[in-house]
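First the structure, which I've put down as structure tokens, then a few questions once you've had a look.
Chain lettering (A, B, C and D) follows the sequence in which the chains are written, and residue indices restart at 1 in each chain.
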Amino acid sequence: MHIGLIGLGKMGFNMRGRLREKGIEVTGFDRSPDRTDVPSLEELVGALPTPRIIWVMVPAGQITDAVVKDLSELLSPGDLVIDGGNSKFTDDQIHATLLAQKGVRFLDCGVSGGVWGLENGYGLMAGGTQEDIELAMPIFDALRPEGERSESFVHVGDVGAGHYAKMVHNGIEYGLMQSYAEGYELLEAKDIVKDVHGTFAAWQKGTVVRSWLLDLLVKALQEDPGLSKIAGYVEDSGEGRWTVEEAIANSVPAPAITAALFARFASRQDDAPAMKMVAALRNQFGGHAVKPAQPKAE
Amino acid sequence: MHIGLIGLGKMGFNMRGRLREKGIEVTGFDRSPDRTDVPSLEELVGALPTPRIIWVMVPAGQITDAVVKDLSELLSPGDLVIDGGNSKFTDDQIHATLLAQKGVRFLDCGVSGGVWGLENGYGLMAGGTQEDIELAMPIFDALRPEGERSESFVHVGDVGAGHYAKMVHNGIEYGLMQSYAEGYELLEAKDIVKDVHGTFAAWQKGTVVRSWLLDLLVKALQEDPGLSKIAGYVEDSGEGRWTVEEAIANSVPAPAITAALFARFASRQDDAPAMKMVAALRNQFGGHAVKPAQPKAE
Amino acid sequence: MHIGLIGLGKMGFNMRGRLREKGIEVTGFDRSPDRTDVPSLEELVGALPTPRIIWVMVPAGQITDAVVKDLSELLSPGDLVIDGGNSKFTDDQIHATLLAQKGVRFLDCGVSGGVWGLENGYGLMAGGTQEDIELAMPIFDALRPEGERSESFVHVGDVGAGHYAKMVHNGIEYGLMQSYAEGYELLEAKDIVKDVHGTFAAWQKGTVVRSWLLDLLVKALQEDPGLSKIAGYVEDSGEGRWTVEEAIANSVPAPAITAALFARFASRQDDAPAMKMVAALRNQFGGHAVKPAQPKAE
Amino acid sequence: MHIGLIGLGKMGFNMRGRLREKGIEVTGFDRSPDRTDVPSLEELVGALPTPRIIWVMVPAGQITDAVVKDLSELLSPGDLVIDGGNSKFTDDQIHATLLAQKGVRFLDCGVSGGVWGLENGYGLMAGGTQEDIELAMPIFDALRPEGERSESFVHVGDVGAGHYAKMVHNGIEYGLMQSYAEGYELLEAKDIVKDVHGTFAAWQKGTVVRSWLLDLLVKALQEDPGLSKIAGYVEDSGEGRWTVEEAIANSVPAPAITAALFARFASRQDDAPAMKMVAALRNQFGGHAVKPAQPKAE
């Protein structure tokens, strides 16, 4: 099998490597001349046997939109585009419809595993028709870990369902990380606990909370004891927000995942307006002292 | 009526003023020579007619404990001590038992109204026996706003019940302030809102959210537009914590009040260990960039 | 002044009453023949002097959309439509644009005060141009409580800003109600509190938590002691959801308001799937007993 | 090595089995005649070589208190008691002091692994002196999974530290389970997701959220598709509460873990008083319909 892969960043680069190791021929395209196999999308399309299969692995939103639009102009009826990025599930139907106007087929596929996927394989959640899924199955089988297919690949539903499942996966991930992190802070705060790193390390085998994230947590503490080199500042990349929005849209209480999202927002605030207001109110009714605002650094 | 009042801080000083205005004779004692009417507790006790009534208005915990212990040694059977501070309700039974060993009676009374109580009167929540409540009623009537007694005074239950109600009152207060503050931050964040101060001001009459705290919020914004002089750093003084502990002890979900408490904790953190850990985990699995920790200022 | 008012439900009916009391001539239109003043929108439009001013007070979403569309076809350049309902702020620009195509002007106005507004007056938050605001000012002045205009009316910003402010107002309202409600549940749960109704009643004057909602809470407990007639089942009508969505979109932590929203969702669930899963997990790892699902009533 | 083990319930019974498999001689005592090896504590003590080592594996609180008291009367100087139950960390110092009066030594050891520990081994967190830890090490090595000791055993600190770490472990566990459960409910709620069970199954290998709890979740869905047999009613056994109390006592924001705890409380409520109040308030100000309370079943 010979496929195209657009986007050779942290994820796409590793995926090209794994696919090739597993015997799939891959022509990769990236804007970076150092990484790309071909100088243009046109040449990528020209290099592939028909029906062409092209895996798109670029940032969600405008960049994915643009790539899909370009592909809709370059591909031929019967070709298949797979969006493996972190697109919002509502984008998938738009992309599928655009491509379908040219007879081009579409699958969305959530991909989990991070930078470790090259070695470990990726967990995959796909949306689309059964026929298209079958066409792409050799790719899925190459990307996922060896072993039972059902433990690392799922056909979640029609177009959009794969990214929906990936979105929820990431929402859960927010909650899991926040839970470990709250426990970490509490262990660090309590003086009778003399060995926080050792405690997490000892949870790796046997305990109810053992997980891959826990293993990474232990690794992080080993590399940077006390996390002294890292600020308590956490970005978010969209899927946590969408998960909470979907929870709201479906009347599903999601307090733990939402707590994780808001904790990230708060981590990025120097001086939260809300908390200025609470301080101001306490001062107003009770005469409680306030901390003066710091002058902004020049 | 002639009573003693121990503690002439922000609250006690104003309360002495209001009691005197309402015709109650008050002998006040405070460690500060500028404020006290008598030089010692002994002279305070000596100055009062029997049965003596002494209102204690000092910080909860060790200081209240010490004052009650001193009074247990100075007072006589039939005297009455009223703890008007923010004591934890579990302290009340201890204090009552200690005093009862000398035949001294005890009431606990939660007092709300802050620095405005001098002028507006205070809301009062008392715990103790009906007989003791009746003895102290002229004091309660002087402290509370004029009008229906039932709108500003309640006999909540036996000893401890007054402070329990005050604790819940303060827990609610946390939630109310946090709710307004979140709305404030959102209005500030949204560029189509051109007049945040004016919006809160316009909520003072007619709307569902009108309240005394809202009036103070408007006043705070008037005095310090944009709250530019105040840091987003909020202390807490115990009653919010106790409310959540009691919610847990009674299996009562209290997510809004707890959110308010945790927001205060977070407001006091420069660099939360939990968020360092979430950043570290994102870096581990996804290679996401982290923000380096800032060197501590010397 | 003579205006049209479309929608004579709980809010619109009272508003017509208040406007007439204050000397504004109102022709009302409603689908209900018992309430309407004219049999059709066409007759409503025909009855008004130009430039016509029409206040729309119908349910947000499709019904408001339909009314605005109808008006865009019936009105003339220079006429003014005011949407006083609870429309989402993003709808306002759509409505304004549609009307502007016919030269018809548009204001959005959030209205708070509920069924009590007839007597107390309403709090008003308006969005639109200064010129249009001035045209409608006699209406605003009639609807709002007497006294300082700035305490009950605000021109928040351009089109959409009025409904945005109202949305945030309602989000705050969610948090306030949840805070009081959590305190209520805790007071009810604690046996040393003998007079829950009396405690809330005593908070009405003097305390920091006094508010109009508190007064209503006392009234509710008076009418139905222990709230024995009412189920713990709470609907939500959109603005709480939008507030949280906007908090997320603007990276504003809003944990208390969100807690209030999720508590409503949970109140409507008999048997939450999430909690079934937690029970299932505890059973899996710890052999903890589970409660069997109840057979559904036929 | 020959030790005593008190408590042969779900955990203790399996632990006796694992210890014996690993070559530790165990004399077990339980109130149940079917399970016990000896008829009385006295005979248990008499059967052991000195210095005696006795592992206590009974419910936390009064039962553990009673067992420790009994042991303090039966044991001799130099003997060692290990509390492997889920005692509150504050109990440990009390137990250690009581035993120390007789020269008896004490370790606390948190044990994780549930009913699967027999086969998989247990994760262990111990508190006490280095000397006592070393004495008990053959037991720890037998109980924990094979492999690196540091991945399944930790000496956390002095007496109490082991149970503290176990408490935090369980708090984290609450957050992890709640996070998966929220994701589960959202996937179930969304109609484009056609295979919820398959989705979780596909997360077992390769994804960032893979964990032992996830494997159990898949197993639970396999055994009871849709969890139709299980009610959304979740007990809690103390350690989640203590974790939140400790978070509060140490000013550590713990919103995700607390959300998990409150979700359990709410899962056990038919008709939450707080939500009755919110419904009542909405009815008061807006005339919103309420759902009447259901008559209680006889």
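Here is the rule we use: a residue touches a chain if its C-beta (ideal position, glycine included) is under 8 Å from a C-beta of that chain, and two chains touch if they have at least 3 such contacts.
Composition by chain, UniProt nomenclature: A, B, C, D = Decarboxylating 6-phosphogluconate dehydrogenase.
Note that the structure is predicted; figures quoted are calculated from it, not measured.
Colleague: Give the chains in contact with both subunit A and subunit B, ordered by label.
Modeller: The common neighbours are C, D.
Colleague: Among the chains, which has its CA centre at the largest distance from subunit A's?
Modeller: B
Colleague: How many Å are there between the centre of subunit C and the centre of subunit D, using C-alpha atoms for each centre?
Modeller: Chain centroid spacing, subunit C to subunit D, equals 46 Å.
Colleague: Can you check how far apart subunit B and subunit C are, centre to centre, with Cα atoms defining each centre and the answer in Å?
Modeller: Chain centres of subunit B and subunit C, defined by C-alpha means, are spaced 32 Å apart.
Colleague: Could you put a whole-Å number on the gap between the CA centroids of subunit A and subunit C?
Modeller: 37
Colleague: For subunit B, give me the residues that contact two or more of the other chains.
Modeller: 114, 178, 180, 182, 185, 189, 208, 212-213, 251-255, 258-260, 262-263, 266, 269, 272, 274, 285-286
Colleague: So in the complex, which bits of subunit C are touching subunit A?
Modeller: Its residues touching subunit A are 208, 241, 244-245, 248-249, 251-255, 258-259, 261-263, 265-266, 268-269, 272, 274, 285-286.
Colleague: Under the definition above, what is the set of subunit A residues touching subunit B in their complex?
Modeller: 10, 114-116, 177-178, 180-182, 184-185, 188-189, 213, 216-217, 219-220, 224, 227-235, 255, 260, 263-264, 266-267, 269-288, 290-294
Colleague: In their complex, what parts of subunit B are in touch with subunit C?
Modeller: 89, 112-114, 117, 120-125, 127, 144-145, 147, 150-158, 160-161, 164-165, 168-169, 171-176, 178-180, 182-183, 185-187, 189-190, 192-195, 198-199, 201-214, 243, 246-247, 250-260, 262-263
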